[in-house]
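In this document, chain identifiers A, B, C, D, E and F correspond to the written order of the chains, with residue numbering beginning at 1 in each.
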Amino acid sequence: MKQLLESAGKIKSMEIRGAGKIARFAAAALCDYAARVEASSIAEFDEKMKNAAQVLVSTRPTAVSLPNAVRMTMRYKAGSVEEAKSAIAKNARDFISRSELAMKKIGEIGARRIRDGDTVLTHCNSAAALSVIATAHAQGKSIHVYATESRPRMQGHLTIKHLDKLGIPTSFIVDSAVHHFMNRVDSVIVGADAITVNGAVINKIGTSQVALAAHESRTNFIVAAETYKFSPKTMLGELVEIEERDWNEVLPADVARGLSSVKVRNPAFDVTPREYVDLICTEIGAIPPEMSYIVIRDYLGWALEELETNKW
Amino acid sequence: MKQLLESAGKIKSMEIRGAGKIARFAAAALCDYAARVEASSIAEFDEKMKNAAQVLVSTRPTAVSLPNAVRMTMRYKAGSVEEAKSAIAKNARDFISRSELAMKKIGEIGARRIRDGDTVLTHCNSAAALSVIATAHAQGKSIHVYATESRPRMQGHLTIKHLDKLGIPTSFIVDSAVHHFMNRVDSVIVGADAITVNGAVINKIGTSQVALAAHESRTNFIVAAETYKFSPKTMLGELVEIEERDWNEVLPADVARGLSSVKVRNPAFDVTPREYVDLICTEIGAIPPEMSYIVIRDYLGWALEELETNKW
Amino acid sequence: MKQLLESAGKIKSMEIRGAGKIARFAAAALCDYAARVEASSIAEFDEKMKNAAQVLVSTRPTAVSLPNAVRMTMRYKAGSVEEAKSAIAKNARDFISRSELAMKKIGEIGARRIRDGDTVLTHCNSAAALSVIATAHAQGKSIHVYATESRPRMQGHLTIKHLDKLGIPTSFIVDSAVHHFMNRVDSVIVGADAITVNGAVINKIGTSQVALAAHESRTNFIVAAETYKFSPKTMLGELVEIEERDWNEVLPADVARGLSSVKVRNPAFDVTPREYVDLICTEIGAIPPEMSYIVIRDYLGWALEELETNKW
Amino acid sequence: MKQLLESAGKIKSMEIRGAGKIARFAAAALCDYAARVEASSIAEFDEKMKNAAQVLVSTRPTAVSLPNAVRMTMRYKAGSVEEAKSAIAKNARDFISRSELAMKKIGEIGARRIRDGDTVLTHCNSAAALSVIATAHAQGKSIHVYATESRPRMQGHLTIKHLDKLGIPTSFIVDSAVHHFMNRVDSVIVGADAITVNGAVINKIGTSQVALAAHESRTNFIVAAETYKFSPKTMLGELVEIEERDWNEVLPADVARGLSSVKVRNPAFDVTPREYVDLICTEIGAIPPEMSYIVIRDYLGWALEELETNKW
Amino acid sequence: MKQLLESAGKIKSMEIRGAGKIARFAAAALCDYAARVEASSIAEFDEKMKNAAQVLVSTRPTAVSLPNAVRMTMRYKAGSVEEAKSAIAKNARDFISRSELAMKKIGEIGARRIRDGDTVLTHCNSAAALSVIATAHAQGKSIHVYATESRPRMQGHLTIKHLDKLGIPTSFIVDSAVHHFMNRVDSVIVGADAITVNGAVINKIGTSQVALAAHESRTNFIVAAETYKFSPKTMLGELVEIEERDWNEVLPADVARGLSSVKVRNPAFDVTPREYVDLICTEIGAIPPEMSYIVIRDYLGWALEELETNKW
Amino acid sequence: MKQLLESAGKIKSMEIRGAGKIARFAAAALCDYAARVEASSIAEFDEKMKNAAQVLVSTRPTAVSLPNAVRMTMRYKAGSVEEAKSAIAKNARDFISRSELAMKKIGEIGARRIRDGDTVLTHCNSAAALSVIATAHAQGKSIHVYATESRPRMQGHLTIKHLDKLGIPTSFIVDSAVHHFMNRVDSVIVGADAITVNGAVINKIGTSQVALAAHESRTNFIVAAETYKFSPKTMLGELVEIEERDWNEVLPADVARGLSSVKVRNPAFDVTPREYVDLICTEIGAIPPEMSYIVIRDYLGWALEELETNKW
């Protein structure tokens, strides 16, 4: 348990960061715990595992990849402790290897949607979206990218550095210029922080207006997302919480000084409804956003009862 | 002529800046020239005035307020030089005084569209739009403003300082957050750099996606603009030129260094089609955007022939 | 002045009711006053007339037809009192006779838009809309009408009695059933209480959702309205006030009894934006809603200055 | 069989009413019959059960909850009569207890979608929708409700009495006023009479125009419905029949008297397409409307063959 | 009168064809008649001119350019027969020369809307639309054209021959392929057979679905039309008649043989509503479709009374 | 193997044509091969079957029904060669008989969506769509059909001959007239060449603009398609290839002669997005287009891994 608590601590303190890393780390920690835990009966073992799962999940209640990783690892039915341990080990291994491959697979799947000569727009700095673009480029397709700066944290700077290294011709624009250039764009490709049961995509602030502009121009809007981004709790009706970040990301202190009637609102994400999403590319295939429920139920393995009663 | 050339020089060198200031300065210069010019016949006078008009208009070919001011001043029909001089003097005086009052009138007209308790969103830093907001506030209406930062030049900083001085509660947001907050907004109020014959509004980059988001949410989108912003040349089919500004407004030099595949695109304006505009508040009344042609023809006094044949 | 005050009293006390009747009554009263008034100079006469106009207009500040009738009657330019009196008399006569003919003309114009075999939907009980339907029927066109009951005051009962007398086959439906039947409808025809400078139609509550349903189904939405329904004050930016009527029109006393958390909201009108209106049939011709400004300026004869400075 | 026939009679005569009650009553009746029936082989037992199922289902061919309840109870596979009886008993018990809990669960799931301070609109008088509102209120969220009167049967009176008892601040409006107030509404929550395989919601007349107005304003439109409302027959392409009710619900006899060209059309329900529905809250979780097929196939357990060949 | 009747005969027999040719021919005929007619008073002259006008207009009651030409020629107010004759002569000359220049002017105005590198789509074979394309090409702009075949009469064959002569790269497509290629198109440019008072464009069958597809993709839809295409009668509410042409334009006789349940419907035109039209390029300037009323009233000079009472 | 190669040859040479015939022929060929093949172990057998499957699938890489038929036939899990052979035989028989019945079932399912008195529009010549129409007609429903000619290959001629034989009243129109008549249409029914994982329908060129026009008018758009039309490869992100056919299908040689700047573009299909599709009628039931993924996964039995790794 000590090691498990240490692992939990690393997630809590954000030493381990990023949806994918957290997920794989938790699966490994749970697998490791299962291997060491001593239990005289399967019932005792199950109980201990559930406690361990709860410890991990409670570290970051809003990180959607964490419960998904734990759930995937905990999908076992066993008659004996031995059987259970081996099932958990296999689950964890499978989850980790699939998760590690996810980026590559998503890249391959998404790249098939990009034709030679296409112009692609991306917002913020999504590893999955960039995997799609890089794969298409590596296939020899000539593509042009529009990349937004993504205020307030300017993740667009990372994006253009990445694209520049790959030698992909890129136009860098302010977030406000998306609509102006949309008619020249063939496909928009973005990542996701979470996807709800009814196919809404929670992603970097500004994504929803990119999607709206794409829809207005009949431009494809494609989301690249690993399956652990799908949020099981939305089956319970839960709204994904939109984090508000610090004001000083937006307003320089010297401008803010003395302004008594002004408040900064700095939501990190916004919500794009399913009607603006043409396709979600996941490591288990391209799907329409309406299939979110199926991903949560069939692939991630969640049942409603579980969500209601689980302590983790 | 020397003085006129001096005046023209001041416009050209951008010593005189801003649509309204340029317009009033040109009207005054033309009026001054008319008062001094010597002509033995009305024909000679007309000829000299036309030359003067052309000198002024050619200083800034894309400034829409300049030809409008000149046209308003030149609306005379006279049998004698005396008559003509006095007509021109009156025209110039009228234009200047109306133009000076325009902000105030637009503020009054627009403020009637704001109800007590309303939430208003504005983009960039438009004097006319702020006049509307300030007037509504001065009338004792409780209003809340969302102000965008307006990348790349951050004119939003000016806007919030202005609103803060007036004591109007304001939320400051990045441009990407407009869609996220739109459902809480009752009216959007923006200015205009130019308005075309078919009611399209050319304004600060990002305006068109604010308008699109407003339209999606059935939120009123109101433009505050002086009549000299209406572009007569668009009757000739001319497209309003969208200026592209310097890359380093957008990308810091240290980020840009060494990026060989990346280009910055930095358009200063975009185009909002008339279907997203509920109302334009001008100093001659509130009108729908489709009335642009009537403003150009009846109020500004332009005829097609003139636009085609005028050297100015 | 006594008779004028009496006339004003009749409008105020609502002895004279209905947009058309008020308008004609006011024009006649003003004409009558002009005929009797004694003035030693045209300036004195003008002054007295303005006062009289103000008396009349101030009786019902929200009745849009009243200032329009007064404005039409007051459109005179005269060198002498005699000339002025005769101009006013002519204006009043013209206005009254045109106003009396308006229904008939609107009926003829609107009827040309209805084809043999058409299905027409109408909401509430508009004399102008019924004039269109009756004229088309009288022309021998076979038409079927859907008439809504128009809660809360059930004006639909008047409509179906009227249509029944004319022998026009009619289906009577609750307001909620409009969307259900819209796909079978060829044209919607309604009246208007007021039309704003940007072409929005203020009419009986429910009209805007009829218009929305018509738009969704690509069904023509036609408004039948006399020109005195166009609201000049909206040029000043004024919002048309939406009257809230008594709660007991909506909720029976026995149901309401004892309900402490429930309030009735009973707006009499709503606002249909110009984008849902195909055509407005007026007595001066069929026009698109965007022409509202032209009707106010050119036909009703209003200028902005006047609206700002007039006491009436 | 006698008791079963009696039970069938009670459903037929509408002694047992309401989708939920009919469903639970039928499950209980079938279970009871199974317990008593004598059969020498499982084949004979199956045959008898099928007959019994058919008797029940044929009592109200358009009540969608009836075949769903029977189907859920009949989901057994057994080698012996004993096994079958016990499976049926368990199925019936499960169905009944889940059905009884459904309202509560739907309330909890839906309530998570309501935020503190929200304004909610509901149409007609749906127990499931009210469960959502009441649960959110019970959680201490401050909410305001708009409730429609729901002509012709004024179910809105029941709704406001219910909400008043709970102390929830409510505005009562005529059905025609929905569009007028929609911009102030955060979420619309309604019930359903039936849901088709492609996610269309059949509900009280007027629902579809509420949904249209919500969609126009980007307001969430949420349906609260138990799973037994999903219509399996629509997999066969069947259209849900829209009942037309009596004319005198709509038109008072004294108004109707003598009207020979007027007919009342009084459809009880209308159809809201899936594109206007954001979410359906069921007792098995929140789902998008497109998941209807999955509910019918996986949860209710229907296969196409069965629908085609079943006599029940 | 004999010559006038001869001229009328030539229009009736379709010896003179095409909107522009008919218009100019009628203006010339009327002018010629005016020059020869003998009248002892201006009243007699007026009467004779009206009769002549009526003779001409009645030859082709649905040709919109004919009454417009006659109206333009008949815009005179004269104290003497001499004065009248000279006014008519001037009117006819003006109309004819403007009409002859119209194509060129429209070409220049429209061409300013085409940018170097644009892709343009045109439907059918409109001289005005081709003038726009040819002018842009002549200005050295590199453009690519998509031309539809325009079933059933295959006017697209004329279009591609014309474009080929000019050396403009052209893709020829079936009418059904418009939507497929629309995302690559920058502007659609078509002609018009008639334009209604509310800005609807009557043009070759298929135009409305081209416009719909353009609107769906946010592609500019531009109409090129001479002012004599604006239909004054639509101010009276008249619907523009859609001619149905012969079945054998559509179906070869060998296919049609023996088909007893099949009828061909062959409408020559369809109606594009103003909301899908960005701009109309006329010889008096670029205008939005809503300005149609102003063209009819101010430029063509029609008043409602006239339309109602004129025999022509 | 020889016979299998012969069968493959017949598919390759297009001796066997049509999605359904190819599918059934391939299933039979595979079944036949399985019956004859000699294998000493199940592993050897599996290997040989995979090779055979690959031979068949590679004959027409873009025919979507071919891999689906092979996949359905190959769904076996067996411990012995005998078991495998019998499973394959059963699979093939099932697939063939279901496929043969598909048309009839689709007809029955779709016909339930057509009401007595409906007007139906169909595009091109789809056996499945015609099965729906014919079934509705055979049920005694009075229906009227609009049939398009479907340039360039005029499949509409086949359609009207078919409908004429059945005695169904039909209006034959050019493809450009679809929008003009859409408001009179109750349902559009078309077939499909392929359906993608996100519910897009690939069908005869022009289908997408028919769907767009239907959507604009709130007219139901129904697709009739056998399950073997659903494209599994689109799960991998693959775009369905749009074949371009010969130019001389479109342009007669005599018109084409000498045109050096003109190229014909002749795509055979286009893509209709799921948002314009109300329902897909398949032989396994009516489903919304979003269920495409479920058809591919659950009914056709594809898994992503298989698609990635299968040589066939």
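Quick notes on this one:
One rule holds for everything that comes next: a residue touches a chain if its C-beta (ideal position, glycine included) is under 8 Å from a C-beta of that chain, and two chains touch if they have at least 3 such contacts.
All of these numbers come straight from a predicted model, not from anything done at the bench.
Listed here as common contacts of chain A and chain F: D, E.
The two sequence copies chain D and chain F touch through a face in which the numbers common to both fall below half of the numbers used overall. A straight line joining the Cα centres of chain C and chain D is 44 Å long. Here the CA centre of chain B is 57 Å from the CA centre of chain D. Each of residues 216, 275, 290, 294 in chain B touches at least two other chains. Chain contacts in this assembly follow no simple pattern; the graph is neither a line, a ring, a star nor complete. Those residues of chain D lying in contact with chain C across their complex are 146, 149-152, 157, 160-161, 163-164, 167-181, 204-206, 208-209, 212-213, 216, 242, 250-251, 255, 258-267, 270-271. Against chain D, the residues of chain F that register as touching in their complex are 108-113, 115, 275, 278-279, 281, 284-288, 290-291, 294.
Here chain F touches chain C in the complex through residues 182-183, 186, 216-219, going by the rule given at the top. For chain A in complex with chain D, the touching residues are 197-199, 234-239, 273-275, 290, 292-294, 304.
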